[in-house]
Structures are given as structure tokens and as C-alpha cells.
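Report on the structure given below.
Letters A, B, C and D mark the chains in the order given here, with residues in each chain numbered from 1 onward.
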Amino acid sequence: MSVVLRVENVYKSFGGVKALEGVSMTVNEGMILGLIGPNGAGKTTLFNVITGYYKPDKGRVELFGRDVTGWPTHKIAQLGVARTFQIPKPFPDLTVFENVLVSIKFSSRKLSEQEAAEEAKRILEFLGLDSHAHMLASQLNVALEKRLELARALARQPRLLLLDEVLAGLNPSEVAYMLEKIKRAKQEFGLTIVMIEHVMHAVMNIADRIVVLHLGKKLAEGTPEEIARDPRVIEAYLGDPKLALAFVERLSSKKR
Amino acid sequence: MASRAILWIAIAVVVIAIIGGLAWYLSRETAQETAQTPQALQPTGEKEGCVIKIGFTTSLTGKLQKESAEQLNGIKLWADEVNSKGGIKLPDGRKCTVKLVYYDDESKSARVQELYQKLITDDKVDYLISPYSSGLTAAAAAVTDGYHKVMIATGAASDSIFTKGYQYVYQLYTPASRYMTSAVDLLLELDQSNKKVALLFENSKFAKSVASATKAYLEEKGFQIVYEDYYPPGTTDFATYIAKISASGATALLGGGHFQDGFNLVKQLYSANIKSIKYVAILVAPPEPAFAELGDAAVGVIGPSQWEPGVKYSPEAAKKLGIEWYGPTVDEFVKAYKSKYGKTPGYHAAGGYAAGLVLQYVIEKAGLDTEKAKEILDNLDIMTFWGRIKFYKEADKHGLQIGHSMVLVQWQKTDGKLTKVIVYPEAAAEAKAVYPIPWSK
Amino acid sequence: MEAKNILRELARGRMITNITVAAIILALLTIGIGSLYSETLSYYRETLSTFMMLFSVVLGLNIILGYTGYVSFGHAVFFGIGGYTAMVLMYYYGVNVYLAMIIAALAAMAAAQAIGFIVLRLRGAYFAIATIAVLEAFRVIVSNVEYLGGSEGLQLEASYYTGYSIAGYRGQMSVHYIAYFLLLGTVTLGLLLNLYVSRSQFGAGLRAIREDEDAAEAIGINTWKFKTLAYVLSSITPALAGAIIAWKRNIVLPEEFFSLTLSIESIISVMLGGAGTVLGTVTGTAIYHTVKTIFLTSFPSLHLIIFGITIAFIAEVLPMGIIGWLRLMSTRLRFLLE
Amino acid sequence: MVVSPELIMGGLVSGIIIGSLYGLAALGLSIIWGVLKVVNLSHGALIALSMYLVYTLSVMYGVPLPVALLASILTGFLLGIAAYYLFVHRVLGGPELASLLSTFGFGLIILGILELAFGGIARTIPVSQHVIEVGHAPIMLVQIIGAIIAVAVAVGAYLLLYRTWFGRAVRAVVMNAEASALMGVNVVRVLALSFTLGVLFAVTAGSLLSLAYSFTPETGTKYELYSFTIVVLGGLGNPLGSLVGGIILGIAEQLTSVIVSGSWGPLVAFLILLVMLIVRPTGLFAKL
């Protein structure tokens, strides 16, 4: 199993604020890695470093065995990395269909106009967006916007998919729908996924491994079970009822 | 992507080639024919009711609005007077009325070219008058001269229009190159020892061309230019310029550009109270009545003017020079203008009237025959209320005004009242120039 | 929704645009040729020349403002650079206008590359302000450099034009006709460039940048390269128009060639029709030019006020322009109204 | 000509005096830009309008000058509120272009009215011409008084934004409008008042400037262009930053005029603007 992403000892600070302090992690092919931690832990900053929006102050980022530290975002994207944004960034004045089509056009695949359109249609159907194809992206509700983000990322046929809170703000049935789609997408496209998530039961459910960030440092790493039992993690999250509930849920379901 | 781009570029090249080729073909096909030039579209005015059409544009809007409006008043007054007398008598004995055809050019040269084209080809006017200002006249000349249409340029003092080889454009204003020279002459007359001159002009087309000619003239006359600078249009604060002039030890200042900046310059100069400066001559601003708002600061300031209501041109003066007098006297003009518009005419208005007057003279002699009109204008040497009018007729500066000269005005205080008087040339002078400027005492 | 349907609609839309564009070019060509033989058309020829001058700037601006979403508030800077480059070549070296145009366009492209390197790192209002500053800086520099004629400008002599002739018209008489056809060529080039941008993958990338630059990077678009290229392309037609107008008017003046008014007029034209659409540029410029001419002749003293109200109206009520509004009314029309 | 230290001194002092007035003019633009994220392209027209208001009242109707100044400033206040709801409110939060065009349109309307009513002739308000000479440079008493008022207004604006409830509300809206709304701040009112405040500063600057120099409807354009530079120099919405930015620009302009030539003065402003935008677009000083 080859290493898809390796982050080594990455530092990043803004002014006086240290957002990342010596974070390292490794993601193997075919894996779903959950990235959790309280607000301000540096999760999104880490995504931005990986995807090249920020240049790390120190440390290196390796993708598919190549050192990509300091590469511009679009070059990293062209390696086969796709991401979604915490606050969705659809192309508001383009239709849903056009959003996906643009993404296909700039993926590494060489498709004819006709093929690209077919492909866009396929992806929209996969995410249940086909009936909204002619709507402007700006007219979508949150749930559909999140789906569009995912659709646009999948349209690139990436090898590594970075999901930044795609479940936030969704109701339970929508969460279930998205989880289902992510799992299926992983199988169908042979993806490796790193996901930042606050919906704990979802992460615990879907992730193979979990990395916990706290105040810019890696606090713990392990399987969901290990993380759930780690006293440091519990301490860091103490007082977060949602998380506590998720832990309890997880542990009790294991016992049964 | 690349191959697509190439395809598009190829299409672009082909289309442009087709258009270009067509244009070339058309030009090639007929180029050998003798130029069936524009004479063909000569006026039709002669028969139907006999109306002579005079065309021009005026700046009803934009930055030249004010001066242009006065010029228009002058032209209108002329046309009304002519028509009230039943029109102009042509050499063939017919009497034709005058019709003014004019449009708003927004003070922009793009509009000027568009509209002169329309005047010539659509309205088929017989003679043209220029728009106001050198810049717009240059743009108009580029159109009109090609059609061999006579255009009387008024409100355009630039010399450069007349070095471009145009053959049908005639200038009424004293050109920029001689704008300030009389101010230099006056200084020489007043004080032989005042030789240190500061030049501070606006960085604009007109002021710049006056400045360079003035500079050359000063050097020729043995003056020492101790300071020279150009301020950007719209400048309101002259503190640092005045500081440098003061530090330069200059004893005379020549400068200005438009009304506003000249006004501010004098105002701040007066406040600064630089005792060393004894002589101040400013472009454009002093002849304006609004200059009086400066109060004491205006006293002693000299300014060149194309024309003033107090000028002394007269049939007698013409006789002395042995040239023909034509048109109304100065007083008649001023009186007619006052009764029509309720105010004293300035030089823009006088220039407008004079342009009409010259056309009237030409039409009486040449009718509507442009080539004959050109011949008459080339050899013209007359005196009118506007002054002497004579054009340079060789090709290198064809149409440049060489007969007319500037007068200098000075603001003086008599019995506590601020008045504008002509002080130069002596023949036209109403009073002697005050020297040195009061504040230096 | 069938993919094939979309493609068919797309093709139909493109066909309609192609026919419209071709019809416009042909009509302009006919009027131009007609004016060679009929004097009555010559006023229309001059009005259309002014229209095409503005249209050339608009077509350039639409690439950077419409497709890429960068509000270039000083786009006339390329008109000025083109005009001055051409004039220097013609005035000092006697170069003919055709060569001068080509060099002017190349000079403007080089300038766009350099200016873009500075201003394209800015976004939104900062970019807009920076482009105003660039325009004003050029104007000040040009009016102070003697070689460029300073504030007096450079003026060609009548004799420069003796070599030109068309359909029996010679010298300065021929200039207005030739300039018309040259402007038509420029407009044609501009329309083709816009069509290319609207239909190519390059244009799709620009649209993505307009919509969200970060997301565009994330889907693998080299945004820096794309927007620089867009800026360079957007300088071509304004520069060509500047060169032709310099030649036609025979004089270049700093305030007329580096003019904020021209910049703003072209923005209004783009916005009026609908930014980022080919048909929008035509519609917007045509309406603006016509309305302006009517206002100026009918209400000369009120025209500033009327314009102010019109501009504010567009901004507040019709920010996507006429064509943009129609497109929004029905997404079906998106394909028909490119 | 040799540039003496004395001349440099004169340039510096007049730079500071004129710069303070530039700073005051820029303050209005700065507040609006900082709080509403709108570049007010009617700024120059508003400055010109206030000049004509003072002119109309004091010269044409003979109202005493201080009363005319106050009346002009008050009119600016009312106009600000009206303009906010007519030209700004609808385009807030939209694309930049919409607010640029909308405010530009408003500016054109003002200019059109001024052109119609007064034409292009320069107007002057007669006041004391007393000057103080510094290094050959004549500095008018009115300018000095204007500069002092400018400093006072800038400090006042600073206190208003950092020491009062209104200031806190404004800063809260700048940081996060949505959260402020949840915490009970009337966001629309804060925005409208901030815009009005900006107009008020522009009008105050214009009224003071009208005393020192003659003016035409187009006079405001220069101050508007300079204000862009000053705002970028001083940081969006920072009153003291505007003042200091104005003074830097004033000194740069005046020294250019002393050392090189006045006709290069405006270039300095645009070059400073471009360099600042690239090197430090957040300004030399903190944002609001």
C-alpha cells in the first residue's frame, strides 16, 4: 500500500499566532483519515498547507511520493488532489451543470465536449443533483450546495480527496445520504480521503484512522477506538457535549 | 486548447484579410482616375432662395463651454446684422441671406471631426468657422482641409496648426508665439535694468506653446531666465512655486494658462508680498472682468488680450497704414453687442464676430467659389474693429495670422476704483502703464 | 435533462450568435463601402467610426471585466499606449499606419504584461483603484515628456498622408474611409477574440476565476497565468483603436488618449449590455452610444444628470445588464444569449 | 537653480499644512471604505458641492461665513443620509462594480447640477489673505486654521470610533455584521450613520478648502484621486492614519515640486499608491 500524503513537521504561523506547530502525518492509499479537533486547532490551515494556499514556514508536504512543498495550488490540484471548502465556494453565477462541467474540463482527462457533458450528467445523477442542473449555484440551499461541492471535487476524478466539513449544517438524513455517497465514491473511484469533521459519530463510523489536532499540534493518532479511549483527547474535548455523546455512542455500539 | 486558438486566429486573419483586401482593391481600382475630388460636392445654396450656409461646432457643454458661448454670441450677432440688411451681395449681383448651421462638440475632438464631416457632406455648408480652442481647431482642420473648404479659425492661437501644410485654414487670433512678446517689449520700454525673469506657465497645450516662444524671445532680447517651471492643470496651491521664484531673485514674472490658475497665482503672489518682483504679466486671466474680484491684488497686473472694447482701431488708422477699412467701428460693434446681450463684449465674442466679418468680405468678392475665396484671403490686408487682418501665404505657415497684434491690459486703481485699461501698444493705449507693481514699493 | 439536448441547444445558441455577429460586421462593411460612393452616408460613417472606437475598447474590457471579473477602471490606458506608440512611429519615423498599428498592439500587450504583473495581484476595489492610478500616472508622465510632445501632444503634418488613397480619395480625404475599415477590422478581431474566450476552455477557466478565484485554483486552474493572459488579450483591440484614432485625428493629446471618461464609458457599455456576454457588448455599446448622442443633442445641459441617474439605475436595478437579465429570466436563454 | 535648505524647509511646512487638509478630505472616503466596503466615487463631487454651498450662502446671499460653513456641513449631513438610502443601501454586499457605478452615478448627478447652476467658471470666497512666510513659501492663515481644524476633526473621529458606544457598534459591524446583528446592533442604522459620517467629513474638508482656493465643479476630482492614495497609505477607516497619510502625501508632493518640478507632483501620488498597494495593501497603520 503506497503512501498518498505525507506531512512532515509542518509549522505555520500568522503574525504572532501559531496555527500549526510541528504536525506530521501519513495517509496511505485507499484510506479514510478523519481529522478532528476543537475550533482553532489548525485543521483547515493544514488543508490549506497541503493544497498550497499557504506555504509552510517549516516542514514538508509530500504527495504521491513527490515533494510538493511550496507548489502553487493549481499544480497540486493537477496532481490529482481535490478539495471542498468549509464555507462552500460554488461558482455562483454558473449553473449547477456548468459548475461540474468546468471542473471536468480542467481535470487531467481529455474529453470531447460531448463526453464531458455526459460525464457531468453522470456525476450530477450520482449525487442526486440532475433535477437541479439548470439552476444557478447561487440559488441552492445549504444541503444542495454541499453536494455540489462534492460533485465538483469528484468531477476531477481525484486520487486524493480532502473534505472540509462537508456534513456541517446538514440534518441527520442528509448526513446519512452524504456518508453513503462518500463511501460509494471511495469504492467507485478508488479514492483516498482526508476529512475534517465535527459530526463525531459520522467520523467514528466512516474513518479508518483519526488524527486529533489541538492548538496546532498533533494530540493523538489511531483507530477510532483508540482515539475514543484516549484520555488526552477526552480532556481536550472536555465540556464538548456533542463529542462526549459521540464517544458514548461509539463505545456502547462496540459493546453490543 | 492550443489548436482551437490557432483555428480562431486563422479565422480572424482570414476575415481581416478579406476586409483589408477589399479596401485595397477599391483603392487600387480608382486610384489612377484623377481625383474627382470634393469639388464635385460643391454647394447648392446658390439657387434655392439663395441661402449661404456657414457651418461650425461650438462647445455648449464641457470645459470650453464659457469661452465658446461668447464666441457663438459674436457669430450670431454678425449673422443677425447681415440678415437684417437683407443678406450679403454676391459678385453676380444676387443678395443672399446667411444661415448658421452648428452643433455641440462637447469640447471633444472626436465629436468635432464627426460633426465637421457632417457639416461638409450632409449639410453641405458653404464656408466654415472653427470651433473654439486650438486643440479642437486642429482636429477640425484635419477634416476640412481635405475637402478644400475654407475655414476661418477663431479662438485658436496655436501656431502648430499652421505648420502642418493646410491650405484652406486662416487664423484670426494673434498666434501663441506672439502672445507674450508685447509684454516683453513693454517691460523693455519701462525699465532697461529689469532683466531677471521667472517663467511659470501651465503645463497645457496653449500655455506651453506661448511659454516656449516667450522664452526664445526673452533670450533673444538679452534677458536672464532665472526660474522656469510648469504647473499641472488645475493647480490651486502655488506656495512652493512662489517660494522658488522668491528664492531665485527674479524681478519680473511671466506666466499663467487658464483663468482659474492665473487668478490663484496672482492672489497668492500678492499675499506672499515678494518685494523684488516689479513686473507681472499673466496669460488669459487679466482681461476677464472676474479678475477684479482680486481687489488690490489685481492692481498693476498686466495681461495680453486679443481685443478690448477700448481698442483704437479706426478708419483713420487704416488710412494711415494705407489699407482698406471694413465693417463696423469698434464703438458700433460694442454698442450692438451690448444692446443684444446686455453686457460688454470680451475678445472671444469679438473674435466670433470678426470671423463672420471676414467671411462676409470674402463672399462679397468671391461668391461661393472656394478657390477664388482662397486667393482673396491669401492676399487680404484689411483693418476692422478687430484690428489688422493679414495672413501668411507661403506654404510653410500658410494661414497664420501676421497682421493682428495683441494689446496689453493692466488693472489700475483710479480714485479708489479698480479699472482695466489698455496700456500697450502706444497707439491703442488708454493710459500709461503703472510700474513697478504697487506691492513692491 | 439530456446531455445531447444541452449540446444541441448550445450549438443552436452559438449559431445564432455567429449569425448576429456576422450580420453586424457585414452591415458595417456595407455602410463603409457605400460611403465611398454616396456622400450622404458619410455622416453615418463618422458616427459609426466613433462607435467602433468605443466598441473596440469595450471588446477588450469585456475580456478582463466580463469574463474574468476584474474591474479595470482605467482600461483606456491601452488606448493611450496604442495611440502614442503609433504616433511616435509615424511622427518620428514616418512608419505607415498599418505597421504602426501592429507595433502599437504589441507594445500594449507588453505593457499589459508588465502592468498586470503589478495590478493583478490585487482584487476587487483595490484592483479598480490601482488601474485608475496607472491611467493617471501614464497621463502625467506623457504630459511631461518632451519626446512625446508633452502637454502639447504630437501632430502629424498634412504631407504625411499623401501616400494614402482609397477609391479615388487621396491624402487626408482618404483617411476617414481607411480608418473606418481599419476600425472595422479591429472590431472584427475583438468580436472573434470574445467569441473565442466565451467558447474555449480558456474562457471557462476565466469564468471560474470570476466566480471564485480560490475554488478555481482548487480545480487546477493556473489563475495567475489565465488572468495575465486575459489582461494581455484585453489590451489588443483598445491599442489598435488608439493607433487608428491617432492616425485619423492626426494629433495625440494626453488628456484625450489617457482618458478616464473613455474608461468609464466603456464600463457603462459593458454593464448595460451584460458583462461577459458577446451579445451584451454589442447591445450595450450600441444603446449607450445612441442614447448619449440623443441626450447630448436634445438636453445638452442636463446630460450629466441624466447619465448619473442611468448609471445608478444600472448598478442598482440591472447589475447584470440587459442580456444578463434576459439570461437570468430563463436559464434556457443562457445558451441562446452568449 | 540651487535648492536651498530654506526652500526644503518651506516645502516641508507647506506639505504638512496642505497634507492635513488632504488628510481631512480622505477621512470621509476612508470611513466609508472601511466600514461599508464601498469606494465612494462621489467623494470628489461631494467636496465640490460643499464648496459651492459655502459660496452660494456667503457670497450670493451674504450669510456670515461661520454660519455658511455650518449650514454647508449640516446640508452634507442630510444629503449623506438621503444618498445612503438612494444610492448605497441597495448595492451593499453586492459585487464591487455595482457600488462603484452607483456612487459614480451619484457623483455625476451632483456634477451635472453644479455645471448647470454655476458653469465651469472658477469661484472664490473672499477671506483674509494674511500669510505667514516659511522658507520663502507663503502659507495662508486660512490654511493654517484649516489644518488645525483637520487635526481636531481627525482626533475627534478617532475618539468617536474608539471611545464611544457608536464607535464600538461600528467596529463590531466591520468585524462581523451578522454576529453584531444577533447581538442587537441595528446594522443598517450603523451603516447609514457611517456613510453619513463619511459624507460629513468630505463636506467639512470641502468647506474649509473653499476658503483657501478658488474652485470649479471639477476641483473635487483631484482630492478624490489623492484620497485613494491616502486611504491606502493610512489604512481603511483609520482616522489618524488618514491624517498621517495625508501629511506624507502633502510633503511628498511639495518636496517634488521644490526639488524637481510641480508638474510631476501628481505622479508622486499615483506612484505611492501603486507601491503601497503592492507592498502593503493593508496600509502603514492598522485598519479600523
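The working rule: a residue touches a chain if its C-beta (ideal position, glycine included) is under 8 Å from a C-beta of that chain, and two chains touch if they have at least 3 such contacts.
As the structure is a prediction and not an experimental result, all values here were calculated from the model.
Any chain that touches chain B and also touches chain D is listed here: C. In this view the innermost chain, defined by its CA centroid being closest to the centroid of all protein CA atoms, is C.
Among the other chains, the CA centroid farthest from that of chain B is the one of A.
If each chain is reduced to the centroid of its CA atoms, chain A and chain D end up 47 Å from each other. Chain geometry summary: the mean Cα position of chain C and that of chain D are 33 Å apart.
Centroid to centroid, with C-alpha atoms defining each point, chain A and chain C lie 43 Å apart. Computed centre separation for the pair chain B/chain C is 35 angstrom, with centres defined by C-alpha atoms. Multi-chain contact residues of chain A (touching two or more other chains) are absent. Counting partner chains per residue, chain D shows two or more touched chains at residues 115, 261, 263, 266. Multi-chain contact residues, meaning those touching two or more other chains, occur in chain C at positions 140, 143-144, 201, 301, 303. Applying the touch criterion to all chain pairs gives A-C, B-C, B-D, C-D. Within the complex formed with chain D, the residues of chain C that make contact are 65, 71, 73, 118-119, 121-122, 124-126, 128-130, 132-134, 136-137, 140-141, 143-144, 264, 267-268, 271, 275, 301-316, 319.
Of all residues in chain D, only 33, 37, 39, 86-87, 90-91, 94-102, 104-113, 115-116, 225, 228-229, 232, 261, 263-264, 266-267, 270-271, 273-274, 277-278, 281 touch chain C in the complex they form.
Residues of chain B touching chain C in their complex: 1, 4-5, 8, 11-12, 15-16, 19-20, 22-23, 26-27, 29-31, 33, 35-38, 41, 60-61, 103-104, 106, 108-111, 113-114, 117-118, 121-122, 135, 138-139, 142-143, 145-147, 160-161, 163-166, 203-205, 208-209, 230, 232-233.
Across the complex, chain B is touched by residues 1, 4, 6-7, 10-11, 14, 18, 115, 119-122, 124, 126, 129-131, 133, 135-140, 212-216, 218-219, 221-222, 254, 257-258, 261-263, 265-266 of chain D.
Only residues 25, 29, 33, 36, 39-40, 42-43, 45-47, 49-50, 53, 140, 143-144, 150-153, 155-159, 165-176, 178, 181, 184-185, 188-189, 192-193, 195-196, 200-202, 245, 248-251, 253, 256, 296-297, 300-301, 303 of chain C touch chain B when the two sit together in their complex.
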